[in-house]
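Here come two complexes built around chain A, the first alongside chain B, the second alongside chain C.
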Partner chain A sequence: MQICKRNKEMKKEIRIKLKERAIALAKEPVEKDTSSANIDVIAFTLGAENYCIESVLVKEIYPLTDFTPLPGVSSYIFGIINVRGQILPVVDLKKFFNLPERGLGELNKVIILSNEQMEFGILADAVHGTQTIDLEDIRGIPPTVSGIGEEYLKGVTKESLILLDAQRLLSDEHIVVNDEVN
Partner chain B sequence: MAEGKIENKMDKKDIDFQKRIQATFRIEAEEHLRAFSSGLIELEKTTPKERVAEIIETMFREIHSLKGAARSVDQKEIEAVCQPLESIFAALKRNEIVLSSASIALFYKTADWLSKQIASSVNEQTVASRKIQQDIIRQLKEVAATKVIVPAMQESSEANSEQSHSALSGPISETKQVSDLSVNSTPAQIGMVRIPISKLDPLLLQAEEMIQSKISIDQRTNELKDLCDELNEWKTEAQKWRSRRAVATVALWNEWCDTIEMHLNKLETRMTEVIRSMEHNQHNLDLLVNSHLEAMKQVLMLPVGYLVETFPGMVREISHEQNKEIDLIIRGAELEIDKRILEELKDPLIHLIRNCIDHGIGKPQERILQNKPVRGTINLAFVAKESGQVEITLSDDGKGIDRVNVLKAAIKSGILSDETAGKLEPNEVLNLIYQSGVSTSQIITDISGRGLGLTIVQEKVEKLNGKMSVESEEHKGTTFRILLPLSLATFRGILVKVEEFMFILPTINVERVIKVDQEDIKTAENHEIIRIDDQLISVVDLAEVLGLPEHKYVVPGKMEPGSAYSNQVRLAILVSGNYRIAFKVDDMVEEQQVLVKRLGKLLYRVRNISGATILGSGKVVPVLNISDLMKSAVSIKGKRSETSARELFVPKTDKILVVEDSITSRALIKNILETAGYQVTTAVDGADAFTKARTGEFDIIVSDVDMPKMNGFELTAKIRNNKKLSEIPVVLVTALESRDDREHGIEVGADAYIVKSSFDQGNLLEIIKKLI
Partner chain C sequence: MFKNMKIWLRFVLSFSLILAFLIAIILVSFNQIAISKDRLTRITKINNVYIQLANDMITAAKQTAIDVEDILLLSYQNQTSENVNMIKSNLTEHRKIYYEAAIKLEALIPKDDTKGLDILSQLNAHSDSAQLFQDKVTELALAGKPKEATDFMFAVSYPKVLRWIKTLDDLIHDNEEYNVSHYNQAEQAQTTARTWMLILGLTALGLSVMIAVYLALSITKPLKIATTLVTSRDLTMDISSYMKGGGELGLMIQTFSRDISEKKYAEQQLRLLSNELEIIIDSIPGLVFYKDTKNRFIRVNKYMCDVYKMSKKQLEGTNLNDLHSKEEAQAYWEDDLQVIHSRQSKINIDEPWVTKTGNRWVSTSKIPYMDETGEVVGVIGVSLDVTERKLAEEELKKYRDQLEDMVKQRTADLSNVLMEVKETVNILVSSSNQILAATTQVASGTAETATAITETTTTVEEVQQAAKQSAEKAKNVADSAQRVSQVSQNGQKAVDETVKGMNRIREQMDSIALTIVRLSEQSQSIGGIIASVTEIADQSNLLAVNAAIEAAKAGEQGKGFAVVAQEIKNLAGQSKQATLQVRNILNDVQKATGAAVMATEQGSKAVETGVKQSAQAGEAILLLAESINEAVQATTQILASSQQQVVGMDQIGVAMQNINQAGTETAVSMVQSEKSAKNLYELGQKLKEMVERFKE
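Here is the complex of A and B:
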C-alpha cells in the first residue's frame, strides 16, 4: 500500500515535472531571443545543505529502496542499484567532497545524472522539484559556504541553493573507479 | 591471386571462401577509407594544433589498417598505394613533414582512386587506372621525400585557405563524391555490428508484440483500479449501516446481508477474471521475453569463419618472413559463437598462432634433420561440446616446449627457487609458461618473447569464463586447448553468503564446495592450510580478502544457534591459472544461471569484482573476479606472514639513460620512466650517449635506432665492445619494423627491441623491469 502511495506520488512528481519541462521548453526560444538566460534546475537536500543541479543532465529521479554495497571501493561509492534491470552505480557526494557527516539523512532518492560519456546516480535526502533560475542571479561562492571544492560549484542562487556543476562531475576522472590488482 | 593463398586444393568451397573474404575485405576497407576521408575533410577545416594531431593519428591508423587488410587478402594494388601514404602520415605524426594544401589535394585524389579500386571486385585494373595509380604513388613518394626534421610543433595548418579549394577544384572532379560519402560517418568506427536482416525481422516482430502486452497490462491496471474504487464505495456504505444499527429491523438487516453477499460474489467473479487475464498476460510476456532473449542472442552469434578467415593469409605472410613453410588447417569455421566472445578471442588466437610460428615450427632444414615433412602444419579446430561450450584446439607439429628451458627461465625470473624447481611434475612445468616473466625466447621482441603474452591470453580466456590447458611433447609439437562458453549469457554461478553479503562465484572456477571441521584446518607459518586429496592448500577467509566492513574473523568453534555443525566451516575451493585456494564462506545458497551485467561506466574496473547480476527478487549481487581474488588472497597472506614480497617492484634508485634525437619522444619516454620511479638521464644521439654512459653509472640504456652522428645499432655495438659497459642491458626503440632490423639488433647485442608503432608505456616498463 505504501509503495503504491509512493508510486503515486512519484508519478505525480513526474507528471508535474514533465509539465514544467514542457512549459519551459515551449518558452525557451522566446527567452533566448530576449537574451535573458535561464536554466532549469532540480533542487535537493543533502546533509545540511540545499543544492540544485541543472536538469538537462538529470535523466530521472529514482527512489532508493535497496542497494548493494561493493567491498574494497572508496567510500564515496555508495553502492550499486537495480534500475529496471540495469546496474547503476550511486555516488555519495558527501563522501566525495569530504563533507562532515551530520546525523543520518533520509537518503531516499537517487538523482541519475547522465551525458553521452557517463552515467551514475547521486544520493539525495529529499528532492524538491524543479525551478527556473536566472543565470544573472547566480553569485560566486563565499569560501566558507561549503566544504566542496570550488571546481565542482557554479555558484549560489538567490534562494541560497548551491548550484552543482553536473557536467564537471560527469566528466571528472577522479570519480571513476579503475582499480587494478597487483 | 588465389594461387597459394590457401594451401589446400582449390575446389568450389575455396572459391566461395575467396569470394566471401573479398566481400568482407571490401566492407572493412570502405570503412577505413570513409574514416580516412572524414579525417581529410576535418583536416581542411580544423586549426587547433592538438586536434590536427588527433586527426592525423586517426588517419594514420586507418590507412595502416587498410594496408594490413589489403595485404591479408592479397590486394597488392591497394597495398602499393597505402604504403607511401602511410609513410607520409607517419612523418606527419612526427612533424617531419609540413602539411600543405597541395598534399591534401593529393590525399583526396588517392582516396578517390582507392575507393574505386576497392569497389571494383577484380584485382586487375584498366590501363587508365594503372596510370593514375603510378601517378599517385610517384606524387606520394615526392611528398614523403620532403621530409624535414622540424623539431617542435608543426608550423602550418593553413590548409583551409582559399588555395586548397582552388587546388581541389582543378584536376580531381570526383572529390565531391568522396566527401559526400564520408559526411555521415565519424572517423571512429568502434562498436559497429553487421546483422543479417533475417535475424533482425523476428526482433522487430517481438517488439511489436510487446506493444500488445503493454496495452493489456494497462487495461489490467485499470480494471484493478475500478475494483478498488468499488470496494471503497462499499466501505462507505458499510459505515452508513453501522450508524443505522440501532434502528434496523431484522428484515432490513437480512436484506442488507443479501445485498452485501451479492456484491461480494460479483466482486469475486470480476477479481477472478482479472487474475485469469493477468496470468494470461504473464504467460505471454514470459514467452515473449524468452524468445526475445533467444533472438537477441542469435543476433550476436556469428560463424567462427568471420574471425579466422584472415588467419591463413597471416600465417603465410609471417612464415614466409621467417623462411618457414607452414600450412594452417582450420576446422569448424561454421560453428556460431557469440560475437562478443569472438572479438575477445581474436588477439589471444593470433598470439598463440604467432607463438606456433615463432617458437614452435622450425625452419625447413631443421625439420628435415628431424625426419619431419618440410612443411609444418598448424591445426585450428572449433568443436561444439555438449552443455553449450566450444573447445578450441590449436596444435602444431613443431619442436614442442623445452621444459628445461622453461625451468631455467622461471628460476631466472625469480618465480621458482632451484629447490622447488626439482620437485615439479612435467605438466606443472608446462603451466609455468603462463607466468608473466617466463619466456624461453632469446631476444625480446614486442610481439612474442616477453613472457607476457601467454599470461594475457590466459587472463582473456578466464575473463570469458573459459579454461585453457597446454600439452606438449618435445620434438612432436604443442597443443593448446581452450574451453569456452558459446554465448556470454550461458554463465553459471554459485550464490554464496558471507556475513550479510551475497556474492556470485563463477561455477567454472569452483572446484567444489565442502564442509570441514574447524580442527582439520591447520596453521602453518601464520596462515591456515588444509589437506585435501593429499594436497595441501591454503585457506583464506573470503570476507577478509574482500575487505568487508565490520569484518569479524571467524572464531574457531563459533556457535550458530540451533546448528548441530557449529564447528564446521564451509570452504569453496577455487581454481584459476596456477592458483588453488580454499575460501571460507558462511553459506552456499544455490547454483544458478546468471546474467552478468557491467557495473556501469563509473566503475570501470573494481578490484575483485567483475560485474553484477540481478536475482529474481530484484536484489543486486556482485559477481567475483576469481583471478583478482587469488591475487588479493596471495597479497594478504604475504602481508600476514610478513615475508618479503617476491613481486617485482621497481627499485627507486635504478638509473636509465634515454637516447633519442626527437625532443618530443625524448620528453615522453623520460616522463614515463620518471613517473615509474626511475632516475633518468637523456642523450640526444649515440655519440652523446656513449660519452654519458662512460662517465656515469646506468642500469639500463633505452635508445632510439634512427639518429644522427651515431645510430642505435652503432651505439649498442660500441657498448658491447666496451669493457666497463658491456654488461648494461640495451633496449632499442625503433620505427623500423623489419625482420632484418630485428636481426641486426640481435647481432649487435641488444637485449630488447620495441617497434614504435606498437609502443605503449606498459610494454616499455615491463621490459625494463625484466631486464634490470
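Here is the complex of A and C:
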C-alpha cells in the first residue's frame, strides 16, 4: 500500500514538472523592442560581484580541469591551459583589477575570448549563462566603482551587471604578452 | 427556675438584659435624631437658597419689563440707536441672569415635590410666551411704531409678564409650604424619639429594679435557710428545692444538712453506748468504782451503793475518808497510790474485808486510768466477794494431802516390778528398730531401681521412635537423591543443546557481518558513480553554455538552438540537484551500515561470551551430577544401617519391659515387708511407753 501510494505521488510530481516545462516552452518569446539594439552577454562572477561580457567575442567556456602556472610573468597571468591541443594563457582579472582573492573550486571556469589578433582565457569564479541586454539599459559607471580601471568597463545594467569591454581587454598592451613570447 | 444557676451566671444574664435595653434606647434615639437633623439641614441648606433664587428670578423678570418700557420710551423720543442698543444689551443681560437662576432652581427642586415641578413647567411656559411678546413690543418700537407697540404692550404683553411674575410667587409660596412640611416631619421625628426613649427608659428602669430585687432575694433566701439550719439544727425544715442542682448556695445548704444529720446520729450512738455501759457496770456482782487522784469517787455501780446504803448521786463526788475510819481509809488510799505511781495494774488480789455481818474475803483488781496523753488521772477498782470459794479451797487441800501419802506408798511397790519389765521391752524395741531400718533401706533401694528402670524403658521407646523416623527420613532422602540425579542428567542434555544452539547463532552472526560489509562496499561504489554523474552534469551545463554562445554567434538562425541549449542547461542543473539528494541518502545509508557493522561485531562478541558461559554451565552441571551420584550411594548405605538400628532398638525395648516387670514385683514385696517391720517397731514402742508410764 505504502509503496503504491508513493509511486502514485511520484508519478504525479513528474506529471506536474512536465507540465511546467511544457508551459515554459510554449511561452511566447518576449517581444523585443526592435527600435533599440540588443546584445548577448555571458554573465559570470568575480569575487563578490557579477560581471558580463559580450558573447560575440567569447569563443567558448572551458572547465578549469588542469592548468600550468607560468613562472616569471606578471601576477595577473594565472597560467596556461590546454584547449584541445591549443595552448592558451589565462588571466586572473581579480588580480588585474585588485579585487579580493577567492579560492579555486569546481565552479571555476575559463571564458575564452578571441578576435582576429588575440585569443586568451579569463578566469571566472562561476559562469551563469547567456543573457540578452538592452543597450539603452546600460548606464554610466557609478563613481563608487574603484580599483578597476574605468577604461575596461562599458557600464552597469539595471540588474547591477558590470559590462566588461572585451574588445579593450583583447587589445590591451598589459595583457597581450603573446607578442613578446613570439 | 434559676435556683440551680451559678451566681455569676445570674449576674451576667441580668446585666446583659439591661445592657440590651440601653443599646436599644441609644439606637432608636440616634436614628430619630438623624432623621430630624436631615430635615433641618434640608430647610437651611437647600430650601432657603431656593427662595433666594426665586426672588432673584422675580427681580430679573421685573427688570426685563422695565427694559422693554425703556425701549418704548426711547422710541417715542426718537433717541439715538446707541442708547437703544445699550438697553437692548441690558435686556439680554437680565434674561441671562434669569435663566441662570432658573437652571439652578430646577436642580434644587426635590423630586418628590410634584406640585413644585408642575408650577415650574407652568413657569417655563409663561416665561417663554411673555418674552415672545416682549420681543414683539421691542420690534414694533424699533420699527418706529411706538403707538402700536404701546397698545400691544398694554393689551397683550403686560398681562403675560404679570402672569409670569405671579407664577414665580406661586413657586416661592409652594416652597414655603414644603418647608413647613419638612419642619413638621423633623418635629415629629423628635417627638417619636422622646416617646421611645421614655418608654424604653422606664422599661429598663423597672426591669433593673425587678432584677435587683430578684437577685437579692435569690441570694439572701438560701443564706437565711442555711443560717437557720446551722443555728437551730432543725432538720425538719423544707429544703427539698435546694437538694438538687449545682448552685453554690444549694450546695452549701446540702452540706450543712448532711453534717447536722451525721452529728445527730453520732450523739444518739454515744448516748446508747453510755447507757449500755451503766447497765453492764450495775449488773456486775461486786464493787466497781472509779476514783480520781484526790481519793474521790467519780463513778460507782449499784452493788457499791447497796453496800454503803447510799444513792449513786450521793456517793459520786464523796471522798473515801468520809466513808471509813481514818486507818482503813489511809490503807486503801496507800494501795491506790501504789497503782497510780507505778502505773501498773494489781489483778485479783485476795484480801479480807471487814463488814458489819462478819469477816469476808474479796478479790480486788486495781487498774490505773490513763487519759489520752498517757497521764494517770484515776484508779478503776473491781472487788468481787470470794468468801465461799476461799472456804471450799481450804477443805479440798486437806483431802489432797491425805491421798498423796497413800499414792506414794503404792508407787514405791510398782516401781520395782516395772524395772524388770522395762529392761525386757528395751531389748525388744532396739532389735525391732534395727529390722525396720534395714527394711526401709531395702525398700527405698528397690523403689529407686524401679524408677530408673521405668525411665530407661521410656528412653528406649523414644530412641526406638527416633530410629524409625530416621529410617523413614533416610528412605525419603534416597528417593529424592534418585530424582535429583535424573534432573541433573536432563540439565546436562539441555546444556549440550544450548552450546550447539549458541554455535549456530555465532555462524549466522558471522554471515550477517559479511553481508553488511559487502553492503558498505557497494554503497561506496555508488558514491563513485554519483561523483561521475555530478561531473557529467557539470560538463553538460558547460556544454549548454557553449552551445548558447554558438547559437548567439549564429544570429537569428541560432535562436531555436539557444532555447534548446537553455533547456539542456536546466536539465543539467536538475540532474545535479538529484545527485546531491542521492549523495545525502547515500551518506545516511553509509552511516547506518557503519552502525550495523558495529552492532554485529558486538553481537558476535556477546554470542562468543554466551558460548563460553554455556560451556562452563555444562561443566558445573557435570560436577553436580557426579556429587549427586555419590550422595545417592551414601544415602543408600545410611538407609540400610538405620533399618538395622530399628531392629536392634525393638529387641532392647522387649528386654527393658521384662526388667521393668520384675522390678515392679520386687518393689511390691519390699513394701509389704517394710510394713510388717514397722508394725513390729510400733508394737515395741507401745510396750515401752506403757512400761514408762508405770514407772512413775
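Going forward, the second predicted complex is superposed on the first by the 135 of 182 C-alpha atoms of A that agree within 3 Å, B and C clash if a C-alpha of one lies under 4 Å from a C-alpha of the other, contacts with A are read in each partner's own complex, and residues count from 1 in each chain.
Methods note: a contact is a pair of C-beta atoms (placed from the backbone, for glycine too) under 8 Å apart; a residue touches a chain by one contact, two chains touch by 3 or more.
Just so we're clear, the structure is a prediction, and the values are computed from it rather than from any experiment.
Legend: residue contacts after superposition of the two complexes on their common chain; A:L46 is shown touching neither chain B nor chain C. Look at A:G129: by the touch rule set out above, it reaches chain C but stays clear of chain B.
By the touch criterion stated above, A:P63 is placed in contact with chain C alone, chain B being left untouched.
Partner contacting the larger number of chain A residues, of chain B and chain C: B. When the two complexes are overlaid on their common chain A, residue A:A166 makes contact with neither chain B nor chain C.
In the superposition on chain A, A:P89 makes contact with chain B only, while chain C stays out of contact range.
In the superposition on chain A, contact of A:E119 is made with chain B only, not with chain C.
In the superposition on chain A, A:I80 contacts chain B only, with no contact to chain C. Once the two complexes are overlaid on chain A, none of the chain A residues touched by chain B in the first is touched by chain C in the second. Chain C makes touch with chain A in their complex at residues 538-539, 542, 544-546, 548-550, 552-553, 562-563, 565-567, 569.
Residues 66-73, 77, 80-82, 85-89, 91, 117-120, 175-182 of chain A are the ones that touch chain B when the two sit in their complex. Interface of chain B with chain A (complex): residues 501, 546-549, 597-609, 611-612, 614, 618-622, 628, 631-632, 635, 647. Contact residues of chain A toward chain C in the complex are 21, 25, 40, 42, 55-56, 58-63, 106, 109, 127, 129-130.
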